Each structure stands twice: as C-alpha cells, then as structure tokens.
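Letters are used for the chains, namely A, B, C and D, taken in the order the chains are written, and counting of residues starts over at 1 for each.
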C-alpha cells in the first residue's frame, strides 16, 4: 500500500495535461464555423455578453436565409473570461482546433492586442466591432467600430459650434488606459489647431473601477467658472454610473457643462436613471433611436430574439453601436464569402474591400478599399429621460476612417493600408 | 496519524544506557560563556514597572538571582509572575527599571532572540512544542549550535550532537516516542519535551513556568530530582503553584503580589510571614 | 497537525517509485516539445495550442510551488504573489518588446510622444541584463517588503492583506500609462527572442523545455529545503514562532530567505510565461489572480510540494476546458469545486490520494 | 346652438392672453435654432407674464409642432394648440432643443419670474440671473432693483446687476460693482474680477485696486468652501467605506472567517434594493419614493438569510481553519456572482435615487452637499450605533463576544455556540446587505459590485485592528479623508497608490492595527 500516492498523483497530472489535447468539439457535416470570442464572465462580461447574443442572432438570421455558399453557419462560442492571456489561448484554439473561418470578438484594446499576433501568425480573420484609439492596421483584422476621427473629433467640433454651446474650455476626463490617453492626445492636438490654449484644457484620469467622483466633479465646477466648459469623457463603462450620479447631485446640468461621452451607449444607460442626465451627449455612429426602416426591423428583430431566448432583462432589450457594428460585420463577411466563393482568408479579405451594406444607421456603409475600416457616419445624441438618445447632429455622409491619426507625430509616414506588425 | 519511519540520517547508533541520566546537562560551565558574573548574581531586576492600558502589572519589582541558585516564585493569580518572565525574555519591554543578565547584558535593550542566544531559556506555562515535528526534530532544533539561516541550510548532525539528543531523550523518558509528531504527545509528555528542549539548549538561566502542571505524582517527583541536579551548574527560576513541589526543591522562595515582591526567604519563612498569609488566605 | 506531507509521501512510496513516477511525468513533458517539431500532419504531432497551454499551466505550477514554500512551510499566506510573477514577466517583456521594436522606441511610447527611453529601461535590450532584472526586480521588492514586514512581526491575516495591498498598488501603478510599461495594454506583439522567431516550433519547444527544467529545478530545491534543518525550522516557525525565538532562532532571516526565494521563483516563472502566452499586462497583478494562486495551493494540499502542482494543474486545466465546454456555467463548477474540496478534503487532493492509499 | 357658440367665445376669451401675443410660439416653432436663440434673448430682455406658460412648456420639453409648423403644447398625451384652436395636421413632433437653447430658455424663464408674486420664486430667478444675465438684460435688472421690495431679492438682483456693470462706461459704477462682488463667494465673480486686473481691460487704477481687494476677499471665501468640500467628501467616502466594511468587521473581525464572499453580500443587498424598487413600480407607484426605506429590512433579511444558510451548510465546518474559509468563501463568491449574472444579466441594473436623495443643498456658492451623501453619512453612523448596541447591550451580543473569545468556555457555560455562530454570521451578512442598499444609491448595481469593495473592506478592518469595531470606524474615516486630501494634489491614481503605500508603512508601526489589544498574549 505504500506505493500508490505518487503514482496516483502522476496519473492525475498526466490526465490533466492530456485534457488539453482533446478540446470538446462536435463535428457537424458541411458547416462553416464562426468563432465568437467575447467575455461572458469577469469584468468585461457587462459589455461583451450582448455582443455574443447579437452575433448569434445575426448568424441565425443568415442561416434562416439559407446560410452562406449553401452551407449553414455554425457558431463556436468560447469564454475568454476577461483574461487577456486567455484571449490569446482561445484565439489559437478557435483557429487551430476548431478551425473556424472567421472570428467576431474582442472589446478592449488589450484583448485585441493579445490575440493579434495569433491571427497574424495563423493568418486568421478577426472582426473587431468597437470604437478604439486607432494606431493599428492589421491585414488580419477588420475594424467595424469607429476610429478617433469618426467619433471624437466630430464630437468636439460640435461642442465648438454655436449649437453645441460654443465651449471655450475643455475638461478631458478618462479612465487611465490606452484608449482615453490616445484619444485625449489626439483631441489636444486638434484643440491646439483650433486655437484653444493649454490653460483651457484640463486632462484628468482615474483608476479602473473608480467610484468616487466627488473631487473630480468639484474640480470640473471650479474649472467651469473660467468660461464655457465642456467635459469630454472617456470614462470606462462601469465608472460612468457614479460619475453621472455625482454630476447630477452636485447640480451640474447639461446646460451649464455638457458632458460628451465616447463610451456610453444605450446598453450602459440601462443601469442609470437618466432623468437628471437629459442633455448630456454621446458620440457614436449609430443610435437605437435613428428612424429608418432598416433600423426599425433591426431593433424589432433584436427585441424578439431577446424575448425568444429569454435573455436576462429581455423586456428592456436595447441595441447600441457595437451591436450594430457586429451585425454589419457579420453580414459584410457573409457577402464577401459569397463574392469570393470561398471562406479562404486571403480571398475573403480581397472580396471585403469595397463591400457595401445598408446598415441600421440609415446609411449604406462601405468597407474601405485599403484600410480595413468602415466609412461611417457620425452622430451626436442627447440623452433622453427614457434612456435613449435623440440625434442632435450628424454628418451628411459617412466619413473615411483614419486609423493613423494625423494629429499624432510620425503617423504621416505610416502606410494607409494593412501591413503585418512584424 | 501513524508513526512514520525515520529518514536515514536520523537513525542513531544505540544509546549507551550507562550514561548518567542525572547529570543530563553534561559538562557545561557557566563561567565559560563569557558572561560576567563577578558578583555572583546572574539576574538583576530593579524597579521594574510595566503597565497595560493603565493596569499596573509590575510595580517597582526588585529581584536578584544568584549564580547556580534554584529560586521558586510563588504568588496568587495576577501577581505578575508571567509578566516578569516576559520582561526577562524580552517579550515585554518594561516602562522603567533595570534588568541585567550577569553584570553587563542589559536585557531591556536586547531582542528576544539575543536574550535566548545569550543563555536564558524559557519554558512556557502552556507547553509549547513544535507540533508538526517529531520529538527528535524538536530537540534537534533546540540544540545549542549556530542558528543562522546559512548554518541551518547546510546543517548536518554530528555524532556528538546525536549523542546529546539521545541522552536527553533518555532523561526525559521519550526515547520510545522519538519519531512521533510532538503534537500527539500527552500533556505531561509535552512538558517533559519542553524541558528536554531547554536541556539541549544548555542555557545558564532557566525560566520555568509551572513545569509540573498536568504531571502525575511520580513525574513530579522525578522533575524535582531533575531540577535539583541542574542547580549549581545552572541558575533556575521556577514559577509554581504546587506547594509540595516548591517545598521539595526550593532553598529560596520569592512571593510576588500585585506586581512587586512581598516576601523572600526559605519556604518556612515565607509561610510564616503575616502578609503572605493575608494575601493567600484573604484575611 | 500536518506533517510535511512530501516527506511522508517520499518515505512511504520509497525512492524507487518516486523516481519512476517523476520519470514518467518528465518523459511526457520532455516528449511534448519534441513531438511539436514533427510535421503538422503527423499523427503524433503536438499542436502549438497544446504546447503553449501546457507551458502556461507549468508556469502556474511553479507559482504554486513558490507559494507553497512560503505558505505551506513558513505559514505566510501571501495574497500578492501575482506581483512577483508579473514583475518577472515585465522584465522579460521589456526585452522582448525591445527586440520587436528594433532600434526605435516601443510603439506605445512613440505614440505617447516620448522621445527617449526612461532610465529603468536602460540596458533592457540585452538578454543578460533582462534576465538579471527577472531575478532582481521581484527579489529586491520582496527583500525590502519582507525586511520591514518581518522586522515588525506582521503575520497572519495582517500579512496577507498587506501583500494584497502591495499587489493592488502595483497593478494601479502599472495601469498608469506614464509609468512607462504600456499601461493597460501592457506588452504584446513579440516577434523575436535571442534572434529566433518566437512563433517558430523550435523556439516554442525550447521555451517549453526551459519551463520544465525550471519546474524540476524548483521541485528539487523545494524537496532539498523541506528535508533540511532549514525546512524544519520553517515548520517550527509556522507552528510556534515564539517558542522558536526562545530557542535562539531569529525568525526574520528565515522568513526573509524563503520569501525572497519564493518571489524569485515566481519572477522566473513569469519570465517564461510571457513569451509563451504572448502578453503581459497589469491584470496579472490583480488581487484576484493572487487569490487564485492561493486556491491552487490549498486545493492541491499545502505543505506538500507535489500537491500545489496538482492543484494548479487541475484548476487551470478545468478552467481551459470549462470555458470552452460550458462558457456560461464554468464559474459554478469552479466555485463548487472549491467548496467541496475545503469541506471534504481538508488536506487537498494530495490528502485524498494519501488517504486512499492507506 | 347658442350655448355651443357661447362656449366657443368663452374659450376664445380664455385664450386671449395667449392670443394677444400671437406669434411668439409660432415664430419660435418656425425659426431655425440660431433664430430661436435670438428670440429667446429678446424675450429675456423684455419679460412678459403672458409668455410664461410657453416658456414653462418649452422648459419641460412639451412644445411640439405639426407639419405646418403650428405650435402645440402636449398635456398628458393630448396636443393643444398654443395659439388659436387649430387641430394638428398629422402627428406633431416635439421641438428639438439643444443645450444652448435650454440654457437660454432657463435664462428667459428667470427674467420672467422676476415678475412673480412669490418672493421665493423671484429670489431663485435673481440667483439664476447672477450666472446667466446678458448685457441686453441690463435695463430690466436696473428697473427691477429699483422696484423690488424684498430686501433679499434686491440684494441678489444687485449682484446680478453688478456682474453686468463691470463693463459700465462710468468708473464710479464699475467701482461700486467691483466692491459689491467682493462680498460674494461666487466662483464666477473670481473669473470676472481677474480680468479687471489687466490694465488693458480696466483703465481706471482705482477700480483695479478695488478689484484686487475684492478678488482677495472672494478667494478667501472660495478657499473656505473648497476646504469644507474636501472635508465633506472625505467624510462621505469614509462613510461608504465604513458601510462596505462593517459587515466584514463582524464576519471576519469577530468570527475570524476570511470572508471573500462579503462583497457578494453587498451585491445581494443592492440587488434586493433593485427588486424592491421594481416591486414598488409595479404595485405601489405612488409610494415609489419610499422604496429605499422598504429596501432596508428586505435587504437585511435577504442577505442575513443567505449568510445563515451559508454558515449552516459550509462555514460551520471550517471554524478553527481560518485560511480554508478563504478558499470556500471564494468559491461561494464565484457562484453568487455567476448566479446573479444568469438571473439578472451581466449588465448593470438601474437603481434610481428617489427625489429626496437627488440633488443637493447649496451651502456656499461653490459648495453643494448632495442629499444622498448626507443621508449615507447619517445612515452609516446609525448602523454603527445599532451594531454597537447589538453587540454590547443584548444577550446575543454577549454570546457572540463570549464565543469569539473562547469557544469552548462559552459552550461549557451553556451558550449554544452553533446557533450563536449562525446568528452572528447572519448579522454580519445582514449589515453588509444594509451597506449594499446604501451603495446602490451612489454607484453601479451589477454582478461585480462586490469585487470592487472587497479589498477596501479588508483594508479597513485590518487597519482598524481585527475584532475592533471602533477601529474599523476610525480606519474607514481616516482612509476616506486621507484619500480626499491626497486626490486633488496628485490625482486619483497616484493618490490611491500612495494610500496603499502609507497603509503598508503604518502597519509596520502597529502590526495589529489601530486598536490592538495590549497585554499578555500567549501563543
């Protein structure tokens, strides 16, 4: 009886090691596999879960129409659990074990940066649906969210206009990570170019998950005594509730100091009582409240889907910009596969250039011929008391993305087409 | 838990039963340690005051222990006996007062470890041994040797050291249990093990807090013999409630009361002292 | 009380069987990277996915082992070992990012408009110096923190919470873009290591073998320590620190030694982790990661060296499997596992294996 | 149909006041945003009581226009023509306002309200004009100051006027205005006075000197407001930390359970609040404002129940093995988080502040104390007192203290230790639930709510000294205030890092926390 413990532990250890060799996948005949790489647990689940559901809905819709190339799409959903190394691991698994033809996923920049080398190494295809800081252009990624010039700069232009309140001073408030930092850097350069002096720009960052905005709101008030002020908020999703609550309770109203947010959409407003926030702004490329037939159908479909799948909070289901970007991305990919007649990445990539799609935003969006970004319209929405936005300003036509912002030094030398990062 | 076989390096040559179990300490000599005891006093406590949040645990306590003396400390509960030991071993810093080990070592300025290394050994009121280690390992750790990290990383027991441990194991009658984890010993056995650990540590001054609590009569008697044999070569300070035990070992008794010395002398003397009777009988 | 189980296991199993069992595991671990070198269509081919997954788990195993040395033996529960792991990882990451950036600045710095490297980046393009940093950064931090903590005898829960505060502060610091470590994005997009392509099969195999070697080395070291007098002093320290002091041992030195050693092991594990998973980011320092490491150790059975390895392997293996198989429900499974193990397996998995065998 | 005709005329007569200004609403509805702004500015300069209903409706966003650009006012879903009795052609659409227009509407509204009968309304209007008055309103203000009877309103108006008079051509008027502004503690006055220091702007040396004196006065007042504000935010943050940590002070501090699921108890408390809010919305919408009060007992009993169930099933098997409670409660916390995520969704849910917790009280011109924070400070103290009473003045408290100090002895004395453990854990969890109710009023309510408070909670309890209620209170307020003193100096991120570093240093000095028990400690 003396000999068993180590033997057993050895067996257990090797069984464990082997478990990694056999991922659990069911092979179905003649389907096209589509990877969905969104966090369903951990801190990012709050934002990404609805993107997973939207992707599934879109795939259902395409399948109902007969699929792509006569084959059904088979979604492979995995949970990278808001853990960045796990994102890379899951991506490698999707590409090499499940052999998916395309992946829709990621929300944070860091998760995209984490999987990027994997997609480039294995020549995979990733659709990234969220607005981001730019400074990247990979041949293996298609960016269906906004680049800074498709969101931040038009928003500031609006704030400078008479209708936007003709702000003279700008309080740039963000969570301390790359997207706010880069965006604010671009904005500062842009503001300089418009003649705003440094003393009229204040840049403040808070840690992740910051929940006490007393001091910051007091500072905004102080700052705003020096002239018409607007706050440009790149505060990360979760911290917005305490920020807006503090703003309302300290009596800062949108008429005095409007806040324009780049990370607050319909989904985030679900967790906030919006009555005190009426008049604050957000800049996106799509709002649920946009009125056009495509959008009405899109919203209705989503609500029905949420109800049918009894998703949590289905009775209050809303659509938002990244969801629209996911929807557009999957549809464009399907069109491109049809055009290429193959799911091969290189062929699909070529077919995607110049692909168009009538999007819920009411515009026909075009995938740029070279730079892997969509041409998107920009809309400024005002928060309403029902948690929706009403569009107060929009561009007359879609804008071409500038992933390499001209306001960052050295970017003028970067090519405006996709190159592998190594 | 079962007794576990001993790793090879711990296996010992047979112990020679002819060795003197009485003289367990062996040939250590107090004077050889470099401790200055010119005036024949190994421990000096003068005007010691300790208070905890306003409660005065020790008040102007004065106490002297001579070299080779066996001193018993008695006193009712809360008299300050354990606090005094804490002061001597550096666990509690006195608010004021003088505490010297020998003539030169100021105990109030030394850390617990320095005090232990200087040669004061202590047995706790509640027997404290290293429960996860075997009896043998307990003694091995306590043994007098270099105790730095580096030394312990490369430590190997010499034959001489093993002999010492075996000798002490015999003395404290735990030879048969040498491989048992100390946590499985009975209360009395733990008491003996702790005494054994003091023996291998070979201190010049031993502080023993209620050493015979939980022992049978025979064990108590044996302990008394052991302590008497230790005196002269070592100095002992024994705190005990068992008057019979005190009577059987002590030549000199100190009575503590409310943090200071109430009486000192032979057991008969202090037992006849009016104030002592008052304190003990509450008259 | 728990006897250092490793000793008992080794004693009971006998050196021969221990060697056989270790030999089997080792053979498998050495074979895996070699099989990875086969052509991809070969039947025995081990994919890069499998290799990096197991490599990652092995790195976690080293962390678990390091944590077991301080927790299982010295009784110091650290809830901040993720910090040391991440520091080692960052030191390696600095080298890797310099490799891929070539002569220029790393990309994240150039778009913050920095024109030169901060002083602490000096020399990181040298592999040797980076390796020194891998040891020095976690080692020195552990030394300084440990020196003060052990000097003022912080122990038990106080110690745990302080280490947690330490790693939390580290995380916040590294999240700051101005700290100069890429902020939230950390370092990614590594291309070369020592001039070799980091995605090449050969490089992967070597990295994997290095991890195996480090694991075996730390295990050997752990066994040596556990069986030395030093190991026994640690156990004594864990159970009765005061008694040990009255025996004349200064616990500070002992604690400091094992604490720094453990931190350095974690740093080394982090350094091997980064090139294999391809990213290092401040979330490695998040307190939850460190708590998870404690959970691996407790699950496997602390104070047993082998147990924590099993724990780390088991939890991470399950996590990898569950997040694919039941993405929505894996947290339930993991949570129940923790509860069941604590309630019914107080000595961890290794305790169960031992009980079955007796 | 004579009656019908009569009625029609009567109706027209009633509409007369509106009709007499026929055109205002129609002009507005037909204008472009830029024109609308001009209109509003002109209305603000020449108030007319009859325009008030229109402005009110505009302010509330109830003005709509049909396809003929005829203006209507919406009233409970029905559209009523502003001028005349036209029926809407097609369905009217609300006028689209932007922030600039809203600001101008508020300003016009204020100048109209200067004519109101109620002095309180006039006062509020005058205060609003201090911020927003435009030079075009100079004449109006001048006239109102002269005719205003109420002293307070007149003072407020004089200040509003003074703001405009700073650019008056007469140096004497400017001087008087500057002197008057020195009396206020208004942050806007500071900016205005600062511009006067420039000789290029203000050519009169006397006025410049006066501006300097006034500016110093204003700055002093502002500083007071700022310091008070900092102190208040420190207290407020402290009270939040305290509420978050108080439950843990019992489950961890007294019972010794390293309760990693404590954060999830806070989360459950917050979700209970959400459920109560939903129930009120469905069942008793009239009393919706009272839902936080009703949520208190609900949250307490829900979390206490969950806590007791956990104690019975899991934690009771782990007493004496504190570090293993870490593992088990960590598992519990994972399960609870995912459970809530599955039941309520991963997104945050909406918990609204009722009216009595919204807004704040303006203490000084630059100091607003939000009601929710004031209430939470009071609530925190209330819970502390309650806990203290429970632990020190009741049989249960005595038993709890007995069990935590010496379990075996207590059992020997006939204390039912099992039941006491259960109740004590339930109490700790219940208090965490109360904390959750408070947290729901200032931050997110989502599955991860607990995770963001757990580290701070442990820091508070440990810093205060484990098992010391008073220590936790002191530690919470200490941390809160220290945080708020550091934040304005070095920013939120570095501030937080520095606080953590300070805690680590502090524990060096007092390894057992603030309130450590001194004396003989035997181990």
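Keep in mind that, in the parts below, a residue touches a chain if its C-beta (ideal position, glycine included) is under 8 Å from a C-beta of that chain, and two chains touch if they have at least 3 such contacts.
Just so it is clear, the model here is predicted, and its values are computed rather than measured.
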Chain at maximum distance from chain B, centres defined as averaged CA atoms: A
Pair of chains joined by more contacts [C-beta pairs], A-C or B-C: A-C
Chain centroid nearest the full-protein CA centroid: C
Centre-of-Cα separation between chain D and chain B, whole angstrom: 65
Distance between chain centroids, defined by C-alpha means - chain B, chain C (Å): 43
Between chain A and chain B, centroid-to-centroid distance (C-alpha), Å: 72
Intercentroid distance (Cα basis), chain C paired with chain A, Å: 33
Shared-contact residues (touching 2 or more other chains) in chain D: 338, 342, 451, 493, 496, 523
Chain B residues counted as touching two or more neighbouring chains: 124, 128
Multi-chain contact sites of chain C, meaning residues that touch two or more partners: 12, 172, 175-176, 240, 242, 328, 331, 358
Interface residues, chain C side, partner chain D - complex: 77, 145, 148-149, 151-155, 157-158, 160-162, 164-166, 168-169, 172-173, 175-176, 240-242, 287-288, 291, 294-295, 298-299, 328-329, 331-332, 334-339, 341-343, 346
In the complex, chain B residues that touch chain C: 1-2, 4-5, 7, 89, 91, 111-113, 116-117, 121-122, 124, 128-133, 137-138, 140-142, 144, 147-149, 152-155, 181, 183, 197, 201
Touching residues (chain side chain A, partner chain C) in the complex: 1-10, 12-14, 16-17, 19-21, 23-24, 40-41, 77-81, 83-86, 88-90, 92-93, 96-97, 108-110, 113-114, 116-118, 121, 135, 176-178, 181-182, 185, 205, 207-208, 408-410, 421-422
Touching residues (chain side chain C, partner chain B) in the complex: 1-4, 7-8, 11-12, 225, 227-230, 232-233, 235-236, 238-240, 242-251, 253-254, 257, 358
For the chain A and chain D complex, residues of the former touching the latter: 40-41, 43, 45-46, 49-50, 162-166, 176, 204-207, 209-212, 214-216, 218-219, 221-222, 225-227, 238, 241-242, 245-246, 248-251, 254-256, 258, 267-268, 270-273, 275-276, 279, 311-313, 382, 387, 390, 392
